[in-house]
């Protein structure tokens, strides 16, 4: 059995409220093996995004990790200091966020942002080398005329292209794990499929492991091997995608499932049969 | 973008013309002829009529205005004062650089102090530093510049003798003495703007540091300095345009500070003219003040549009 | 509920409201401090004849330039006049000018802004707002000084009214305040005019004036109140500055600005109490209005975070 890439054990994240602390994540455990694509599904407020941010140690202040271990390649990220964590972020574990318009700095060109990312983890790299890598990685995510587009600002791109840029930034330093927090939620339906396909491609090409967070169960089912279902801060069910779909154990999972409209006889997670919003394509 | 620039520029020019006309009407509308002021109370009616004829004051107001405008715009000449007989251009050449220097010093001082304070307040949000800066800002924005100046004259200057209590030492008389004479006035003038600009920087930076794109920058492992710059570049956009506007306002408040410190700048020209009822000089000086004000507002507007990347590419 | 129970219910509602205000005040001490200062200043202005220990105008040379003592708490000036009394009376000049100037500015600004928004999209609006922009190009302090300089500091009689210099000053400042207030009103009103509830009101048959003043205007009030408070603070300093150069409140009427002008002559000798107290009065009053304005902004108009001064 190969060692787990990411092994989160009994994670707890709390936020201070008027008279004490409230736990957003209450003892959650999940793992990602090398090359796996894992999904975390749940509705808003289930704690899925917070769990993902906790892995990156990016939980918004004044929230904090109050318990558990986050073992990445054996090292407990929860115990690292900020300086060490900076060497992990972007380099070993990367994250892609939901809204690419607000998640990309509007005051800098994407070339600058890419070069800054490369040089953050390879300080010895020359500007040209960093620039070349920037072009390389833009082409990898399917942006044409990459060289020219280095001088463009984020708002000059369309929604889907912006998300590709975000993904490019995330993979620029060849991380082993990519966390995608609702990467398609802010996009049009047709674009969603493209981005999902892109993630799939990159998974194969780069041997990337993916942790995919979503509220959309069948979207997760399209790309993930295993799924964790979260509800109010706990993992209520987990297992292989098929098991979750065909034999949901927990009532909540069944509820999520039942929210997806379906046509008699069509398997819900068949990518060929349906788009991610649940409508059946002819 | 170009279209918008031209539109703003055109409007500023129109505003200048409007203001010029308003000033002209105000100064010409005063009962009593400038001739009487110039010639004195004993002047006879014939002398006054002659004076008026000589200086074109008997022509219709519109014609006078056009002539004034023509003289100013095409020849850059503000004309001559009837009371002192001096060329107003000469007066302006003498006084404007002094006021300009005072304001520039005050402005540079304000920016140089405000930005670090603002950045530190934001980065160390909630600490004693932040609270201290907030208290200073409250005081700085409320204390009138000329009272601060008065206190500065009383204590560091008179009591301790570190600075001259007033007067202006030109650069030609020595750099150190020059700087000493301008230090207190510049400080008094600048404190208000330190308060304003530092608070703006702080609140803008706090906001951008909490933004999603800064979160992305952190998620990519960028070093702290770079993350700060990523946030700051966005946060400074409104600060720059407010700074530009502040320059214009500072020019106005410089009047009081100059008066207090006996600095022979434009305020001196204006207040002396008021005392002598030299309306035409007043008009010229006020017009220059207004030009500076309008230009800095225009600069602020343009800077805001240019620097805000979303606005820059959006069509007017 | 029964007739007997109604007063009780009313009283408990009032108590609950008072308690909320008290809790709010305790939480936000800065705004409360500001409000207290403002009330003290206004109180001093209104009740000056009652609380000032001495006559602020009467000269008593035998008492001149006395340091603060039990008899004259803040000392006396070069005319032997009690500085505490003059400071108290000075509040009257400062607040009259600044509050009335803002009142003029708000009245004019609101009417102009509503008018422009009413004609939203037409050339009328364009012209009005451009005219407003042109007036906004006028630097306040310089022109206030210049215009009074031109017109002179003597009182002017127009018809049955006598305009003292103070009146001239406050009208001038009020006029120059109009652009800011008109812009705020116009901006808010313009948005409100396109909102659904205005359309609903029209369907209900409400006339345009009723909509303007009944529905649109209340929504403009929040940013206007905040801006008005801050403009009062500015007005106090402007009045002091204009009086400082001798073109504002004329002697012997006490004004903080002219008291500072007097103090200027004594800056080399040791009479520190002459500049310190009037200046402190200006500073404190301005702090009060600024704190109050900021606090009001938090409550009424929290969207504009970059304009925030103190938080």
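So that you can tell them apart, the chains are marked A, B and C in the order they are listed, and the count of residues begins at 1 in each.
As a working rule, a contact is a pair of C-beta atoms (placed from the backbone, for glycine too) under 8 Å apart; a residue touches a chain by one contact, two chains touch by 3 or more.
Since this is a predicted model, take the numbers as computed values, not measurements.
S.K.: Taking contact as defined at the start, I'd like the list of chains shared as neighbours by subunit B and subunit C.
M.R.: none
S.K.: With chain centres defined as mean CA positions, report which chain is farthest from subunit C.
M.R.: So the farthest one, by centre of C-alpha atoms, is A.
S.K.: So, what's the distance in Å between the C-alpha centres of subunit C and subunit B?
M.R.: The computed centroid separation for subunit B versus subunit C comes out at 24 Å.
S.K.: From the mean C-alpha coordinate of subunit A to that of subunit B, what's the distance rounded to whole Å?
M.R.: Roughly 52 Å separates the two chain centres.
S.K.: Just give me the whole-number Å value for how far the CA centre of subunit A lies from that of subunit C.
M.R.: The separation of the two C-alpha centroids amounts to 54 Å.
S.K.: In subunit C, what residues contact two or more other chains?
M.R.: Subunit C, residues with two or more chain partners: not present.
S.K.: What residues of subunit B sit close enough to touch subunit A in their complex?
M.R.: 210-224, 226, 230, 233-234, 237, 309-310, 313
S.K.: Can you tell me which positions in subunit B touch subunit C when the two form their complex?
M.R.: 11-12, 14-16, 18-19, 26-27, 30, 134, 137-139, 141-144, 146-147, 150-151, 153-154, 158, 165, 195-196, 199-200, 203-204, 207, 238, 248-249, 251-253, 255-256, 259-260, 270-271, 273-274, 279, 282, 286, 289-290, 293-294, 297
S.K.: Provide the residue numbers of subunit C that touch subunit B in the complex, in ascending order.
M.R.: Its residues touching subunit B are 130, 133-134, 136-143, 145-147, 149-151, 233, 237, 240-241, 244-245, 247, 260, 263-264, 267-268, 272, 275-276, 279, 282-284, 286-287, 290-291, 305-306, 308-311.
S.K.: In their complex, what parts of subunit A are in touch with subunit B?
M.R.: Within the complex, subunit A contacts subunit B at residues 56, 58, 60, 86-91, 94-95, 97, 99, 102-108, 116-117, 120-121, 153, 155-156, 166, 169-170, 173.
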